[in-house]
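In the two complexes that follow, chain A is the common piece, with chain B as its partner first and chain C second.
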Partner chain A sequence: MKLIKKHIPLAIVMVTGVLTLVSYYVPNKLSVNYIETLSQWENIVVAFAFLLGLISLFFSHYNKISRKADGWGYSVFVFVGFLAMVLPAYLSHGKQMTDAGLTPLGWSFKFIYNALSGTMFAVLAFYIVSTAYRSFRIKSMQAFVLFVAAFILILGKVPLGQIIWDSVLGWTGQGVSDVIEWIMQVPAVAGKRGIMIGISIGAIVTSLKIIFGIEKQYMGKD
Partner chain B sequence: MLKEQLQKFFKIDRRWIFLLLAITLFVPIMKPIGLPNKTISPATKRVYESIEKLPAGSFVLFSLDYDPSTRPELHPMATALLRHAFSKNLRVGVVTYIAGSTGLIEEIFAKVPKEYNKKDGVDYTILPYQPNVLAVMTQMSSDLYGIYSQDRNGNPIIDMPVMKGVKNYRDMSLVVSVTGTALLDYWVAYVGDKYGVPVAGGVTAISQPGYGPYLQTNQLKGLIGGMKGAAEYESLIKQPGKGTSGIDALNLAHLLVLALILTSNIILLFVKYF
Partner chain C sequence: MIKTKVITLIAFMLFAAGSAFAAKPAPAIDGFAALDMPYDVGNAAVLRWPANPADTDDTSYVVYVSTHETGGWLEADRFAAAAKTGKDIELPFWAWNGSAAEHAVKIELNNLFGESLPSSVFQFRVTAEKNKKVIAESAVVSVMPVGNWFRLDRLNNLILLIVLIIIFFWAVSHAKRKGLFIRRIAGLDAIDEAIGRATEMGKPIFYVPGIGSMGSISTIASAFILGEVSKKVAQYDSQIKVPHYDPIVMTVCKEIVKQSYMEAGRPDSYREDINQFVSADQFSYAASVDGMISREKPAACFYMGYFMAESLLLAEVGATSGAIQIAGTDVEHQLPFFFTACDYTLIGEELYAAGAYLSKEPMLLSALKVQDFGKLIVMVSVFFGMILVVLGAKLGWTDFVQGLLHLFKGY
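Here is the complex of A and B:
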């Protein structure tokens, strides 16, 4: 049993992992074919994962509705939203636009999905502005540095801010765009590069741990 | 007494701030101020130059991966980039890995190609949505027809004039990724670096600072950032659009944020030291 549940999966992970890793660095017909086959398999697996995710989503929300759990009304909209997009897609054979104009799918996209998605994201702007007022307090030296950088960036990113900078600080000879360019090219890049290197090293270590069977959490507890 | 009064400002009902922002945005959207865009960032200019220097007939792959949530920033820049490509008579291929992008792509292509008398299949092709980006990127390195045999309408692409001589990344002059996700990183790491294809990008303003390292090392040929970037690009191609008009609302919104931050900190200072 241990062989089927543990050793064989670990062996598959190790062989696939090593081959995929090697293929990246070996420009050979064999490795290209291997990667192509693996990519096609991956696409098939992803398609099934989509289906699995959909079924799981439906079950979860169906249970909420049938149990009348808190906020079950929102779960109804999962089905309403799904049908509002999938039925028109089926009727329009997946096409959003024809020579005659918008298809039912195109209409649903433009007037349902587009509007709802845009609204959801736009609401964020209100929370960000409110949070900026309530939380951006300079209580330490670090907060002050962050404030100065943020202030310059927010100001310099719009023409009106540039006009204000030029009229107040124009005498310094430094345009706000130059200052922003320096912030973006020096401290921001240094910080981002450090983060990227850290994340990459972490990803490499984790990948190697999975490939060589040191990290086995993905297999579950059994 | 005054301190207590001031401290009340910290606990102001946030709906007042919401109202203030709504008014601030509503006015310029209804009646644009039309402030000139004074500067053009070097990163935006680099994208423009990357397209500008391509000879007519070069194949450019556009990866348009954004949904309506990031539409105000990214749709104008995608439109401006495509206008530029069509005006230079470049061949255009469009891919997407975000299902929500498909309608936005249709929207652009219902309008822009007509302005330049460009035809589907001859001058451009729109490939269907694919869910698994890394697998698709890898497959396209050897033979893109292995993953994209048809366009989004089900027509075979291999015999289309737009695809003539295009089999994989080696036959592409530039990849432009306009995205509100991390897909630009993938284009740089899995395509640009590995296969030597020039990659340029367009991202939201909030993601823009994260691409500094790629720009410095030239892994990214150029980057358009946010609505300002879109406005800059529109001014480079001399075709003002939604980016230029949207920047007015952004002007006042930015200043409102600054005013609010300054106000709260001045109150904090006053409460603390006086």
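Here is the complex of A and C:
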């Protein structure tokens, strides 16, 4: 049992991981074909898994409706939304546009899906404002530095800010756009690269842990 | 009679002069060679020939390719005489010996003929043109592109990997049971506090694994953390909800959570709907999880994994609902949003280390040492590299500086 539940999956992970790693250094057609095959398998698995996800979604929302759980009305919209996209897609044979114009699917996509997605994305603008307000409460030295950098950036991005900068600090000979460029190109990039180097090395070590079976929590424990 | 002879003679002379003019061949481009492009899959060729010092700004070269023995020429490339020298081929010094005194052109045959090449042998010729007139022409040469077995240009990358693998095995084989110092990570220490708070308040915990697939390292790291978090949730007999974006991640997380409940000795508390698929669309997912957080007012929210624009949409709603929030991602441009909206944030590598930190397994903790060694290698390389590059630039050692930069470049 341990062989099937533990050793064989670990061996598959190791062989697949090593082959994928090696294929990065081997440019031959064989390794290209191997990577393509893996990608195709992944797509097939994703298709089946998506079906599984859909069943899970329907099952959980159906349960909520049947039990009249709190907020069960929202669950009805899951089915309404699903039908609002799937039925037009079926009627339009998957096409969004024909010579006659928008198909029912195209209409649903443009006036339901895109509109809702756009709304969600637009909400982000308001959240950025409230987040900025929270981050501007100076509680520490680091928060003060963040505040100064953000304040200069905001100042430099609006014409009024540029006028204020030029009239107050114009004598320094440095435009606000120069200061912004320096902030973005020097301290911001330095911090970002530091994080990226840490992430890259962390990713390599995590991959090695998985490939060589040191990290196997994803399989559960003995 | 004499008149006829004179006319014939003149006609003959004119014909001979015309023939001689028409037959005058264009000067040859000597040293033209077509070679298989090294370190590729076998769908490119590289053409090399010496640069002509007499070329002017209005001289251009045209490269032709054909799959036939004769004729069937297709224009593959056209460039100014000053461009495309041996130095312009993007390969490091240990894999390519290019000079500025020669032309070197890489021809991607799959771009011209499609992915399945129509022939195994390709003919090449090059002409030099000035004012749309051919002033020189090369001989026709042929090449058979073949797939190579090793990317020599990635040797620097391979050496770094081998060094890390050696350190990795050394660290794992010397795993200590006790006494290994791991610096405290406030965000992970706060997990107990968050779960305790949820238990006291009788409210659920939301664990959001992000929108990455199972192939993303951050999602894998998130799954490890979920295992430890759900074990603690089971021990405290609290509630956890894990809304998913990816059905495969959901399937894996289901097994992990189930296993954690079993390890905690609470298999009876495990419910199938802990892990729930929500949507495979980014904003639908964000809207749905935001709705759940707003309605259920969780005591704690964990955002661990790969996040894009939905990071702020989720974290801000969580913050306004009053939940204690712990986030972790390796997407560096989403980190500022988590910093401002969450109580604790794990930065990149801390996310990867979290599984080991929480599980406290000696082997996993020892592997964290490898990350430190890796960073040490990078720091030393950056420090000495910086000094050498500055010194080389100051002393005018262009080739030395270029060579040094090649060492740290990815190919």
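By definition in this document, the second predicted complex is superposed on the first by the 197 of 222 C-alpha atoms of A that agree within 3 Å, B and C clash if a C-alpha of one lies under 4 Å from a C-alpha of the other, contacts with A are read in each partner's own complex, and residues count from 1 in each chain.
Throughout what follows, contacts are C-beta pairs under 8 Å (C-beta built on N, C-alpha and C of every residue); 3 or more make two chains touch, one makes a residue touch a chain.
All values derive from a computational prediction rather than experimental measurement.
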Partner chain in contact with A:140 - chain B first, chain C second, else both or neither: neither
Partner chain in contact with A:32 - chain B first, chain C second, else both or neither: both
Partner chain in contact with A:206 - chain B first, chain C second, else both or neither: second
Which of chain B and chain C A:71 touches, first, second, both or neither: second
Chain B versus chain C as contact partner of A:167, first or second or both or neither: neither
First (chain B), second (chain C), both or neither touched by A:57: second
Partner chain(s) touched by A:43 [first = chain B, second = chain C, both, neither]: first
Touched partner set for A:196, first chain B, second chain C, both or neither: both
Residues of chain A contacting chain B in one complex and chain C in the other: 24, 32, 42, 46, 50, 117, 120-121, 128, 130, 132, 134, 192, 196
Chain B partner contacts - residues on chain A that touch it in the complex: 24, 32, 35-36, 38-40, 42-43, 46-47, 50, 95-97, 106, 109-110, 113-115, 117-118, 120-121, 125-126, 128-130, 132-134, 136-139, 147, 150-151, 154-155, 157-164, 175, 177, 181, 184-185, 188-189, 192-193, 196
Chain A-facing residues of chain C, complex: 39-42, 147-151, 154, 157-158, 161, 164-165, 168, 172, 215, 217, 220-221, 223-224, 227, 244, 246-248, 250-252, 255-256, 258-259, 263, 273, 275-281, 283-284, 286-287, 291, 295, 309, 312-313, 316, 319-320, 330, 332, 335, 337, 339-341, 347-349, 351-353, 355-356, 359, 363-364, 367-368, 370-371, 374-375, 378
Residue ranges of chain A touching chain C (in the complex, touch as defined): 24-30, 32, 42, 45-46, 49-54, 56-57, 60, 63, 70-71, 74, 116-117, 120-121, 123-124, 127-128, 130-132, 134-135, 192, 195-199, 201-210, 212, 214-215, 217-218, 220-221
Chain A-facing residues of chain B, complex: 10, 12, 14, 17-18, 21-22, 25, 35-39, 41-42, 67-72, 100, 102-104, 106-107, 110, 130-132, 134-136, 138-139, 141-143, 146-147, 152-153, 194, 205, 208-210, 212-213, 216, 226, 228, 247, 250-258, 260-261, 263-265, 268
